[in-house]
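Have a look at these structures, which come just after this line.
Next, two complexes with subunit A in common: one pairs it with subunit B, the other with subunit C.
The block that comes next holds the complex of A and B.
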């Protein structure tokens, strides 16, 4: 009895993990999440309400950053450019990915090779080398203009004309449709063949079959791709940073580029944090709208 | 079919192994050169000898930016230093300029910057206005010979009453010409504004529409514009922390820039952007001689000269006396070396700097890779040893002889110099794109510069 009473009682931490063994297994992830995700997330929210400058410190707290965001013409222009970029890129990318996925869904010879070939840009697309190559393709005496001139057409100032520069940046992202395509391909394979057979017997044309059978049945994947591509597009950085540096005349200064410049070139961390939170709020609102709208257009097979 | 699959699998496996081995080979090479592992292993090899040393073994780290030639010279000099000082192990961190300041400013704030850093002159006032980031070099005078530098040069690095860095060289902008391109147009390189205007027309008529005697990006235009204004009005751009020019005076300078474009002297900004080159020295039109002149830092001569295609002669130009009644143009410290305030080994750092910047052995290896040295002993070593690049030396002496105006530390503030949203880029880009009138551009420039100066 004495031995038992003299034994040290187990520590609180030990007892906690003893009763919640799951926490022990996710402990490494949990520490990483707290240090690298939650802490920056909360601290950036606090910074966003201050004029925190890396080398001048903080002198003021308040809503001034948020006020400035909506009053500063350059920031508002950048926001509008980001919206334009997103609304060009996302629909084009989804349409293109679906189109190619439908072609690759046919049983043709060497289809696996084509699937790989179309997926490769997704792996390479974000790299610096591709962005540099893109710039070389679209410069005044680049490959694209040289080809246009072969056909007797006048070359276009792709990089220096504010009207076209954003399109060039968007095209780079659209070209990386591989991951969306693979998901569409998987979804298309899941559409039961007997539905097409029945529709063919009833005399439905191919376009009718696409809009009445294929598209409704793959809407969950369309929805998933829409949300993920939307988030990615709003955060685009590499393309404009390497190809145009945000120019010409700020025509490709996407919001994330401006956040980077404010944070690491001007050292205005308070302002940069506020801009990041505005971007986060916009993406969140659009995602919520997408989630709410899905009950009107997304078909889940397990629903009654 | 199975056989084909097996062959395919074998080929892919070999390719995969090849890819991995080539990747790891590259990685080894880059880590060796990037992190200075060469130097670490050098000192490790001498482990036996180290014990004989009376000094305590220390490791210090030095950082710099630049091109390959500078990297090689500095690494060689550091290796020579480590051979002489076996108890001091030097780690290195270096790279290209692009994005360098972004990374360094963050590490300076976080207190994780290397012990010694190559810095831009304005970093002192931008990042250490209170003297909290860089060590006062006056406290290291026992280990670093300050008498090698003129008081005037050292004063450029005094902020908060502390000598926060050692200036390496002075620099200023000057014209450089591709003499061969001018000869192709049947004229000699211009020595006055009048000749430059005439060259614009000659280039267009003789060589073609896409040939220009001079090429200037937005920031180059800003500096030439200030050189012009200082020549006309005889006063510094900024004095006592205030903009020294009225909007009307500024407008005359902007009109001058418009005239250069109108008279086919310089290509428009859209043309230069359309070239798709990261900088003028990487622009094929400069390499081929379609752009035949630049207005650049004297220390950049080698970079631009070596970019030219073979058979083209690169020469240093003269300042134009017909810009105005005064001698316009400014000089600044091209770069400096500073010791981090929080280093644990300040004496060893000072010793390394003394070797790199003042000692005969060190400066003979470093040569003029960072411009014509301000250190008297380094200059003597380079001159006696014939280590100075003739073009750079000629340009530097012309700059120091001509350009007398000072430069305000806020001139290179990122709100002004940032590309493409800085004020300079906005103003000169807007003018070239015909988005702004001269009056509007002058108003934006006055407003932007004043805002930065007032903090």
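The block that comes next holds the complex of A and C.
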């Protein structure tokens, strides 16, 4: 490496940057990428095949972590809980976001007020404070049960009943549909009005218009929201960690909670890495499926 | 006759729209309003009524919220700790993300396309995978429990949160290249062009980046959970979690008051700049 190249004697490195000036600007990112992402990424793959313990070091290499993952009932259950969580949260959240965006897309008075109100939970929702509030709402004597009692209904043990706890954790994320909604709203505004006029003249009903005009034209945003929300849902940590600590009876032990426990409470870095890689593989496969399936259902206007 | 019934149907439809919007709005905001009310109630009253109002408001919750935790840290010093790393992080992110976005958005160089693809791929790289090896790395560097929050701040010097790079590249596309060319003719070098011409045009995007980074880093829980272990250095997120664990079931007015105070800065920032948030989130999304 020619580290001492300077401006007066144009060394190889200097000439390289001269011709590739842009490279100089992205250098900060590239260094950060190599040190803080690529190196840890690759090293975690190596850790995953070892019994690396933070204090005791490594004694052997092999497939034992992966074997344990697929043989341990607790880990497999947590994996299925994570899938359940994702497939409750993502569709509900996107459906809500699209539904509200469509209503706001009509000429409604006070759009800005409504949009702000719907958006607040998205901005604050990730904070610990809101998770604490969620716990207060869904306690056995919390606000939700008090409301149910006013209507003469029995209260439900939302957080201590394994049947409901996961759903309540999901609801915290569904409640934060605001940012997905803002994206949908922007996309809906981009659908040309004359298409609807033409369809109305041709006698197309409202639902028909939705499925034949609106939905196809906003599929790029549906796709974007779907992939980002999937990624986010598979990594959910704060909600279950703060509200239920994974309980009751492991009903809300999402995979990321288990990884945290293995890595930072039991210091089993090798095992935790292997679990992280299993999760990563799942998310990657789902993303690849989404990307491949794009050509069957996502409509990009400039393609034609 | 037909026109009349059509009008009526329209009126019913628009009425229904408002009913739905208001009902949903209520669901979205009521928990927050109830939370504000609850902080002024006694502990007996909090869970006995669903109204946010109370006939006998008390400041007990707030008084208790200001108490020290284990004699080492209180809410205000925890909040101060939060902004000790949030503000540098915002500042460094703006600089490093702008430089990187400028490099990708305005220049051609060897390997540009491959590197940009790599950058985009990191957007989808789950942080869960990275937590363990990053912790081991920072532990090797001796950064864990650093008094100046090195593991939380330093990566932002290197455009670690690539989402912002992506967002700025999208914005850059909308700024005409003729401006750069004019600046070059006037004798600006690449860096001067960036600072004097591009940055002023990028200002709305930069404001959005700063706001989002501010919100996300103030809400960040996992980072401090892993990298801050000394109680004196706990940020607000950890403090809130601990104060809830300390007295679940007994002093909910205190717990909710602590929570509410901890998000006041975020709420103020949101209400001052809500338009920027909405604009920023739309601009960062895919455009084809």
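We take it that the second predicted complex is superposed on the first by the 285 of 304 C-alpha atoms of A that agree within 3 Å, B and C clash if a C-alpha of one lies under 4 Å from a C-alpha of the other, contacts with A are read in each partner's own complex, and residues count from 1 in each chain.
In this section, a residue touches a chain if its C-beta (ideal position, glycine included) is under 8 Å from a C-beta of that chain, and two chains touch if they have at least 3 such contacts.
Note that the structure is a prediction, hence the values are computed from the model and not measured.
J.: After lining up the shared chain so the two structures overlap, which partner does A:151 touch, if you call subunit B first and subunit C second: first, second, both or neither?
T.: neither
J.: In the overlaid three-chain picture, which partner chain does A:264 touch, first (subunit B) or second (subunit C), both, or neither?
T.: The answer is both, since A:264 touches subunit B and subunit C.
J.: A:186 contacts which: subunit B (first), subunit C (second), both, neither?
T.: Only subunit C is touched by A:186; subunit B is not.
J.: Between subunit B (first) and subunit C (second), which, if any, makes contact with A:253: first, second, both or neither?
T.: A:253 contacts subunit B only, not subunit C.
J.: Is A:273 touching anything from subunit B or subunit C once the two structures are fitted on A? First, second, both or neither.
T.: second
J.: In the superposed arrangement, does A:136 touch subunit B (first), subunit C (second), both or neither?
T.: both
J.: For A:296, select first, second, both or neither according to whether it touches subunit B, subunit C, the two together, or no partner.
T.: Neither subunit B nor subunit C is touched by A:296.
J.: Give the label of whichever partner, subunit B or subunit C, reaches more residues of subunit A.
T.: C
J.: Identify the overlap between the subunit B-contacting and the subunit C-contacting residues of subunit A.
T.: 54, 135-136, 139, 141-142, 264
J.: Per the contact definition, I'd like the list of subunit B residues that touch subunit A in the complex.
T.: 101-102, 105-106, 109, 126-129, 269-277, 284, 414-415, 418-421, 425, 429-430, 433, 435
J.: Using the touch rule from the top, collect the residues of subunit C that touch subunit A in their complex.
T.: Those in contact with subunit A are residues 14, 17-18, 20-21, 24-25, 27-29, 31-32, 34-35, 38, 46-50, 96, 99-100, 102-104, 106-110, 112, 115, 118-119, 122, 124-137, 139, 155, 157-160, 162, 165, 190, 194, 215-216, 218-219, 221-222, 226, 236-238, 240-241, 244, 252, 255-256, 259-260, 262-263, 266-267, 270, 274, 277-278, 281-282, 285-286, 288.
J.: What residues of subunit A sit close enough to touch subunit C in their complex?
T.: 19-33, 35-37, 39-41, 43-44, 47, 54, 100, 103-104, 106, 108, 114-121, 123-124, 126-130, 132-133, 135-137, 139, 141-143, 146-147, 150, 175, 179, 182-183, 186, 220-221, 223-224, 227, 231, 234-235, 237-238, 241-242, 255-256, 259-260, 263-264, 269, 272-273, 276-277, 279-280, 283, 287, 300-302
J.: Contact residues on subunit A for subunit B in the complex?
T.: Going through subunit A, the ones touching subunit B are 54-55, 74, 135-136, 138-142, 157-162, 245-250, 253, 258, 261, 264-267.
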